[in-house]
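To start, the structure under review is shown below, and the notes come after it.
Lettered A, B, C and D in written order, each chain numbered from 1.
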Amino acid sequence: MNAPNPLPRRQFASDNYAGVIPEVWEALEHARFGHAPAYGDDPWTARASDLLRQFFETDCEVYFVFNGTAANSLALASLCNSYHSVICHALAHVETDECGAPEFFSNGTKVLLADGANGKIDPDSVESIVNRRKDIHYPKPRVLSVTQATEMGTVYQPDELAALCDVAKRHDLRVHLDGARLSNALASLGKAPADVTWRLGIDVLCFGGTKIGMPVGEAVIFFDHDLANEFEYRCKQSGQLASKMRFLSAPWIGLLETNAWLKHAKNANACAAALGKAVESIEGLSLLAPVEANACFVHLPENVAAGLRERGWKFYNFIGSGGARFMCSWDTSMDDVNALIDDLRELTK
Amino acid sequence: MNAPNPLPRRQFASDNYAGVIPEVWEALEHARFGHAPAYGDDPWTARASDLLRQFFETDCEVYFVFNGTAANSLALASLCNSYHSVICHALAHVETDECGAPEFFSNGTKVLLADGANGKIDPDSVESIVNRRKDIHYPKPRVLSVTQATEMGTVYQPDELAALCDVAKRHDLRVHLDGARLSNALASLGKAPADVTWRLGIDVLCFGGTKIGMPVGEAVIFFDHDLANEFEYRCKQSGQLASKMRFLSAPWIGLLETNAWLKHAKNANACAAALGKAVESIEGLSLLAPVEANACFVHLPENVAAGLRERGWKFYNFIGSGGARFMCSWDTSMDDVNALIDDLRELTK
Amino acid sequence: MNAPNPLPRRQFASDNYAGVIPEVWEALEHARFGHAPAYGDDPWTARASDLLRQFFETDCEVYFVFNGTAANSLALASLCNSYHSVICHALAHVETDECGAPEFFSNGTKVLLADGANGKIDPDSVESIVNRRKDIHYPKPRVLSVTQATEMGTVYQPDELAALCDVAKRHDLRVHLDGARLSNALASLGKAPADVTWRLGIDVLCFGGTKIGMPVGEAVIFFDHDLANEFEYRCKQSGQLASKMRFLSAPWIGLLETNAWLKHAKNANACAAALGKAVESIEGLSLLAPVEANACFVHLPENVAAGLRERGWKFYNFIGSGGARFMCSWDTSMDDVNALIDDLRELTK
Amino acid sequence: MNAPNPLPRRQFASDNYAGVIPEVWEALEHARFGHAPAYGDDPWTARASDLLRQFFETDCEVYFVFNGTAANSLALASLCNSYHSVICHALAHVETDECGAPEFFSNGTKVLLADGANGKIDPDSVESIVNRRKDIHYPKPRVLSVTQATEMGTVYQPDELAALCDVAKRHDLRVHLDGARLSNALASLGKAPADVTWRLGIDVLCFGGTKIGMPVGEAVIFFDHDLANEFEYRCKQSGQLASKMRFLSAPWIGLLETNAWLKHAKNANACAAALGKAVESIEGLSLLAPVEANACFVHLPENVAAGLRERGWKFYNFIGSGGARFMCSWDTSMDDVNALIDDLRELTK
């Protein structure tokens, strides 16, 4: 086969444009040979699950599913009924980018939108949503869904997460963490994973594999065993139980065994940080949010944006704001970043 | 990493215990590097779609999803509403092995069970189901779902499929083909794919990738463009739109470009045929169905079954019949088969 | 207004062809005047709920919904998840006459069919269904749904119900009672309602109002308070919370306060019994099931059936059997029955 | 039976606190006797359907369902798929008071909120919602749902409805009219029903029966026959097909045959108008929206509100605004209104 050419770099559109990190590929290569029982009863899945339990220092329940939309929707569905509601930030992926998947998997659950600066939920906003309606004519809030790192590239500090878990518990809400970019958040925080998840009160975590460099796959992790009751049936019925499960689980071995996740997350974060620092130093540009993970949101004059696109740079307009999102991947290089910075400087002159 | 050991052979439990065929792996390796737009807007997906259109000699609509349960359920959901019903064989995967996924994706669609020898639907049975109820108090039949190769390892001949399509069209039923093992069926039939699918009246095909040797992934193929309307939204909402789509599409390039599917399907079929032939020659054993694809269903005395398991052979009891299913994979070797035959001969002495 | 003429009698098609019993009408007339808070916070609803608690001699949770399909489906949905299954008799209304409503309300729950003579579930059949599959690829049995009186017009004796509850509890199944014709069953049994429902292990009861002579409305009664958790939300979301609730609840006051249900159920049962007795005495006719409530199932030669229809008699062919169902209503008169018997005698001569 | 006492008047909480208008009751009394075929195959249903066709001067498809939540949700479900979205005003009943029913019946359809003064949708807001997102990661707008009279008691003028239908058609949206209080709107407009519904482009209408004085029941009216395809199955499956349908349809005969709807709607509107006029004349009070139907929204100082409640007046706080809603019913009397006005004057002195 003549391989179709991959996209040339100059790419900051999304971390899901990137390929597979070498350690993950190596793990997949180990898995490709021979026969193994299907549906997760194989040694790779056992090993990957154990590594995740070690990673989080607790005997959690681990499930491997295909993508982040499914991971989030299945987790939410396991936490609520159709007449409940899920509270999340107005910019959260479950609201803005899953085409109603949470509503579909839960058969009608409503998503209620909280406010908060820089993509972080303000606990008062949660409080106010919960108190706004208490009658049966409106879906009853049952879950608080938090995204870490946020859609704005910011990272909740432990005390911020603790405050959210606190307001949740006070109102009998369960707490779901959308960790599509948890690796980047962990690299940014430099804390033990347990200390910024279940020890703060997170009930269920969707740990992202794709964006940190797996070809496909996410892990759904229940820190509360009871909540995981019959979750395997839920996965199966919704088309999220892989028959050749080892190809969803083996990559986690590659990610975790040698701390590859950390190395690559740090690289992506460092690229974003460098870009952010440069942006702050360029007259006419400004940051839309602090750069705390692998994304950099920039207020970009229209002509600069057009100029960048003309020169082949890929990035997203930020939803509804005239800004731009530059997302760094595990394999973004400082050369890419410097070339971008050079073009930014030129275009703003 | 020290790779966990894969299952030793002596394995005829399922073709989804097998790993990845070399040609598919090679295609994946081409895809792992570099950046590419997400959600299918990449050159691998374009190429794989084109190859499938060439394969079926028609300008069909092609979608890549994660697994067979999702492929079937999404296809069925696109063909019917919640108050409709789907007619399939009582042994069909959509009935027996998808944990109510078709009902879930379609929000309540009922699955009605047709009869027929050797896992093949008898057209009269379809007729009788359609005519049994015509009132609004029972779900209205809207889809006929046919499996090729069947769950009994048999293969519909073109005239048999034509007869089913005919009864379907007469009653305004759309026709779905569950082709989880279509490669094996095509290898068995030796016909052009077009001649045993859309030219006979198949509306939508779920073409299996996993069982023929991909790590993950199936293709949903609409021969009728109108039926594919907004199918991408349906995939997205149900968690079946891969962000790094190239890892679902590239394997098809590997399968189709060099006819790898055919080589490997032929091997699996030949293994099953050899086993079937031997079974017929062994006193005390008999076939439960003709061996026409990669499965061999055997009436096995209990002590023989126990003896095989003792010697480490893996195979499934056949649902509700006291028989046994021996499933051959793309990488089953004639040595495996012969060793099994030897043990069968010994145990039946 | 010139009232359109109602159907002339000679009607044994269904008890839902009948009008409203006088005691119910009187209760509705009391309710039609004045203002009352909506959604059940009114004195009629409180009174009807109390009467039902007295009726069942227990502090049960009571909800009033619009029809039997909704009552059953909501009750089942509160007992199971989408990946569960409900076991019922192959002739049960939830299977044969609700157009997939249980599947719809529960978002995909599968209905599994048990056998048993005369429309009664054989406990061994339940056992066998539960044991047939224990893997996650098939919906997990979670509810046993029993119909009293059955669709064949028979009535479970207390020990029969106890045996079913017993097998259910052994397998962690909850027990739902479809009591669309519970009044007729109770009139037949002559037992205290508590003794043939919750004291035997019934968890949730759908108590039929329409067929015993209300214009519209059924009661869903949870004997286990925990199972009723948030059921009011479920009703609201599925369009089953009446705003002017008093018009669903007041009829129950009319039914229960003066034992009107019993008087009218006895009349319907007596009519069916008289018809059954006559059928047994007529050569060429035979009963398809014992007559124990208000229905009489008769094996009817085709020419007799045709003759009856010619003379204007209304009745249903019995699903798939060549038999006929004669259903008696609260206002069927012995004159109707005798006229039918006369015609049966003449036509079989 | 000793009737529980109905609520004493001094009631402006809701028009669904009211009882049954005499003409409707009379029609029900005609229907209560005798037998009639079930599920709508009866003369009352035929007559009521014909009257509605005459009312709208077109051969529309008519269905009778139990309540407004179901009517709206079923209508919307027939117009869209799970991955679509419905645009409505932020104050619309389908958003604020149906507990996620539209999402439930449609298996996940998202409700998107448009702006506009006085409860009326601004066409520009629709335009902006449609244009905001065009990608498959967000539910695709498919229906515009308009409420007439609005939740703020205002009434769309024909040109306003026409402008909304126009923006809808331009963007391939179907138009649903929530007419829970359509009678009041029609009485206010003084136009032919056809001229303010289908002739402007309304596709499906939910015509409210309960709030204008039926005990239970709404009509779903499809002006476009194709959209009604198989709607009877949808009703059946969702528990909205009444067996004794005549009790849902006969009231419409009472409403329409003698123009009772108009008489009673005019009375309610006149009461609201009188109240509104008085409010404008009282210092310290002001209207929150023009009074155009049977509701009057008043900015009420807290002490006045408290004073009213102390004197036994019932009314709702208006969602999130510190205002009050006074809703007039078909049987609200001018004496009620004058007594309320007197108390308002006293309390504001």
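Going forward, contacts are C-beta pairs under 8 Å (C-beta built on N, C-alpha and C of every residue); 3 or more make two chains touch, one makes a residue touch a chain.
Given the structure is predicted, the values throughout are model-derived calculations rather than measurements.
Because subunit A and subunit B carry the same sequence, their contact can be compared by residue number, and over half of the numbers here are used by both. With chains reduced to the mean position of their C-alpha atoms, the one farthest from subunit D is B.
Subunit A and subunit D have Cα centroids separated by 43 Å. Averaged Cα coordinates give subunit C a centre that lies 33 Å from the centre of subunit D.
Per-chain Cα centroids separate subunit A from subunit C by 50 Å.
Under the contact definition stated at the top, the residues of subunit B that touch 2 or more other chains are 82-83, 98-101, 104-105, 107-108, 136-137, 139, 233, 236-237, 241.
If you check the complex, the residues on subunit B that touch subunit D are 39, 81-84, 107-108, 136-137, 139-140, 230, 232-234, 236-237, 241.
Contacts from subunit A toward subunit D in the complex involve residues 82-83, 85, 96-101, 103-111, 132, 136-139, 320.
Interface of subunit A with subunit B (complex): residues 1, 3-7, 9, 11, 13-14, 16-20, 25-28, 30-38, 42-44, 46-47, 65-71, 73-74, 98-101, 104-105, 107, 210-211, 215-216, 233, 236-244, 247-248, 253-254, 257-258, 329.
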